[in-house]
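Right after this note come the structures.
Here come two complexes built around chain A, the first alongside chain B, the second alongside chain C.
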Partner chain A sequence: MERGEEKVITSAEQAKQDPTYLQALKELLYQLADDDFLVSFRGSEWLGLAPHIEEDVAFSSITQNTMGHALLFYQLLEELGEGKVDVLAHDRKPSERKNAIYLEKKNGEGHYTEEPYYDWALTVVRNYFYETFKKIKLEAITKSSYQPLANVAGKVLMEQPYHLAHWKLWFEQLYNSTDDARARLQTRIAEAWEEFGDVLELGPYATEMAHFELMISEVELRDRWLEEIELMLGTLPSRTLGKKYGSGREGEHTSDLDQAIEIFQDVYVSDEGAVW
Partner chain B sequence: MQEQLDEIQAVLKTVDDPELPSVSVFDLGMVHDVKVIGGSVFITMTPTFAGCPALDFIQRDVKKAVEELEWVTDCEVQFSFQQKWSTDAITDEGKHQLKKHGVAPPPEDFQPGQKWTVNCPYCESNYTSMDNVFGPTACRSILYCQACKNPFEAMKPVVDYMS
Partner chain C sequence: MYNYLEYGSSDAPRNHEDPEQYDRFMARIEAGEKIEADDWMPDDYRQGLIKLISMHGISEIMGALPEKEWVPKAPTLKRKLGIMAKVQDEMGHGQLLLRVAEDLMKPYGKTRKDLIENLLSGDLKFHNVFHMPTKTWADAGMVGWLVDGAAIISQTNMLDASYGPYQRALQRICQEEVFHAQHGEAIIMALAEGSDHQREILQESLNRWWPSLLMFFGPASADTTGSSKQDIMIKYKIRKSNNEELRQAFLDKYLPRVFSLGLTVPDETVHYDEEQGQWVYQQPDWDEFKQIIKNKGPRSKERLRLRQIAYENNSWVRQALSKEVVGS
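And then the complex of A and B:
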């Protein structure tokens, strides 16, 4: 398959014909699924703890819907023969997970059930940065050579503007309110600047993804994201974006992911045959 | 053949969305395609919101209802993303039923980025305010009518953003 032929792959069976194409496609799907799954898991840990009741309703709705988006990407993997969605979501080792490391980061100090000293500034910065990135990534994917994925991206993009608008509003309002609020956001922005690098990456198969027109290039993805964030912040932090803890796209992760897996696996492993 | 399709359509008008009692999946515009081969029925549906937990129930309820037709031996229900559901797919009857349920139907011909104004489903006033874009389900928002002083919900406009 040569670039520029505008070849469209319409089914899982067809994608399986070319091993290199299949590998690049699966890699992209794991990134999409695992990113949404981890960010929504961290969101779910805010249930009952959000700053006010309306936020609790809004955030849990966003979280539930984002978990639904993760499911759609896992379903595409299931169609490609990667196993059942429940197993893909719950029963993979940390080294097999492709989510960006910044997204697995704990919400703050403490534990959900005991003394949850979670940080709202981290949540606002993380979700605003992530949803901005997700929109750019999905827009590119609507033109993907893998038709089933392009369809799902189009579907997710019909819902995601509500999520992005929500976090943008929080970000803008806090950024322009008190000195304390602004300082807290700035601390988390500085932190994100050291860690957000691997969110913007496409991993070891980035070149193949671009070659097969599954996705735009990493450089383009990154530039578009920086452009959006600059519009919001006015000026970008002067240092280059880092990936302090490595690259989740390569299967590198922190103990925060182990902690997340331990919790979301708890019910699943208690009865693996359960029907929901 | 047409007779069989009509019978199926009549059945689909009786299967309600579990989260919107009295509004059928047909009137919500979720039924994309119906095929009949002998006694087998294949129904393709378009999900409303991706994260909607009611989809499994809808699938089960549709299958069960259609299989109650005497000539149907089995019914297969699939969700597809090829056709995207949008709030424009809701029928007039669906909109009527939503209002009866206290839910303002989504605006017609809504374009992405457009200002979304909602009339109160009880008194029709446009003197309403948004309390929360996010409501009890992914597809609904919470509003308040300043005219008749009723809180109410509205279905969010969901439109194809790329076309």
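And then the complex of A and C:
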């Protein structure tokens, strides 16, 4: 398939015809699925601990949707022969996971069942930055050459903008309230600026993704995200966006991912052949 | 879910109450009318409701914590989604009920803040089952199946409660609880039909939860623990059946199902007595029950600690939000 032919791939079988196309597609799907899975895992740890009861209910609803999105992307991978969705979510090594490192970061100090000193400022900054990015990425994907993925992106976009609106509201409210709240957000923004870089990357097959019109280019994705964030912040931090701990898109990860895996596969690995 | 009141202040003397007004109120109750938030009501009715509904609401919120332990750990994506939705519903019930309690507390100048602070200080109790530890994934199923099953029985008992706002909240809660019981049952069925390991954790879980399930409905009479407010609740038509009737209804419904799954309960004496027309069972340790609801249960301190950390650690957020509301 050559660029510019506007060729549309309508099925998994068709996608498998071209090994390079298939590789780039799978790479993109793993990023989408793993990002949403890690974000929703961190969200699920918050359940019962949010700043007030109403937020607990709302946040949980968003988290469920987001995990549902991860499931949709894992299903596309299953169709491509990558294995069962639950194996993909629960039973892959850290080095095989493609989520961005910033998204695996712990919610704060402590464990969700013991002394959970979770930081709402981190959660607001992370989710606002992530949902802003996710909307741009999904909108680009609605024009993807892989039709089953474009369809899923369209479906996800029916609810995802509400998630973004939720976190945007939190961000604005806290940013414009007490000095303390603003300072807490600023600390987390500065931290994100050192770590968010790999979220905006498309990994080793970025060129192929653009070539096959699976996705817009990394540069475009990044520029659009920076534009949105600048609108909110007024001015962007002067430093360039960093990726302090490496790139999750290359399979690099921190011990925070190990901690997450240990929890989310706890029951799954207790009896691997079992049906749950 | 909670319908057992141990330390009620609902014996408060009805000072300043006009007997005629009281008679009119009782006539409405007798006629099956619903009392609304702004209607006149006797103090012991209001206080009884505040106790009942705030305990119910706060139990929903504390009840989210034991199950929540299994949300991030649930074994499949489908189970993760299911249990998350279920726990979210419980938080939602808590919110709904606290709103009803807040309206009742208004004449006393109390707010939700007081409720949360009373919980943390130990003045506001939460249901005995939520003081218990969870050990395995089977507990996630057990809470949905039998704890929520018990909740359905005691809440159905109040579906016609005389206080309108509570009665309406219960309609919605009961509908959702039916889904929860199905969710729990689905987890249980998968384990019952599963590997040896799965059947083992299932039986072990039921053995552990059995005494708590019997305690769920409270003691049969005030003699057992010193005081019980079930009579006043019946007089004011908030509930219909007493604790023992509810427990019998629970045993009627669930023991046959337990046995049909090839499970046992840790009570060799349990049987249905045809003559008495009821289940005969070994009483749980009611002294232990008293300790549990005084926040001296196996996980009472830890669960309260979670709420306390969530409350204190996020106080800056509430401050920031309230600042915006007053526009200062």
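Rule of thumb we're sticking to: the second predicted complex is superposed on the first by the 272 of 276 C-alpha atoms of A that agree within 3 Å, B and C clash if a C-alpha of one lies under 4 Å from a C-alpha of the other, contacts with A are read in each partner's own complex, and residues count from 1 in each chain.
Heads up, the rule we're going with is that a contact is a pair of C-beta atoms (placed from the backbone, for glycine too) under 8 Å apart; a residue touches a chain by one contact, two chains touch by 3 or more.
None of the values given here were measured: they were computed from a predicted structure.
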{"item": "Partner chain(s) touched by A:99 [first = chain B, second = chain C, both, neither]", "value": "neither"}
{"item": "First, second, both or neither for A:142, with chain B first and chain C second", "value": "first"}
{"item": "Partner chain in contact with A:54 - chain B first, chain C second, else both or neither", "value": "both"}
{"item": "Between chain B and chain C, more extensive residue contact with chain A", "value": "C"}
{"item": "First (chain B), second (chain C), both or neither touched by A:247", "value": "neither"}
{"item": "Chain B versus chain C as contact partner of A:64, first or second or both or neither", "value": "both"}
{"item": "Partner chain in contact with A:161 - chain B first, chain C second, else both or neither", "value": "first"}
{"item": "Touched partner set for A:152, first chain B, second chain C, both or neither", "value": "first"}
{"item": "Partner chain in contact with A:270 - chain B first, chain C second, else both or neither", "value": "second"}
{"item": "Partner chain in contact with A:173 - chain B first, chain C second, else both or neither", "value": "second"}
{"item": "Common interface residues of chain A - those touching chain B in one complex and chain C in the other", "value": "54, 57, 61, 64, 67-68, 71"}
{"item": "Chain A partner contacts - residues on chain B that touch it in the complex", "value": "49-53, 81-82, 84, 86, 112, 131-138, 142, 156, 158-162"}
{"item": "Complex interface listing, chain A residues touching chain C", "value": "41, 44-45, 47-54, 56-57, 60-61, 63-64, 67-68, 70-71, 74, 85-86, 89-90, 110, 112-118, 120, 173-174, 176-178, 180-181, 184, 263-264, 266-268, 270-271, 273-276"}
{"item": "Of all residues in chain A, those that touch chain B in their complex", "value": "54, 57-59, 61-62, 64-69, 71-72, 139, 142, 148, 151-152, 154-159, 161-162, 165-166"}
{"item": "Chain C to chain A touching residues, read off their complex", "value": "61, 64-65, 68-77, 79-81, 84-85, 87-88, 91-92, 94-95, 98, 137, 187, 190, 193-195, 197-198, 302, 305-306, 309-310, 313-314, 316-321, 323-324"}
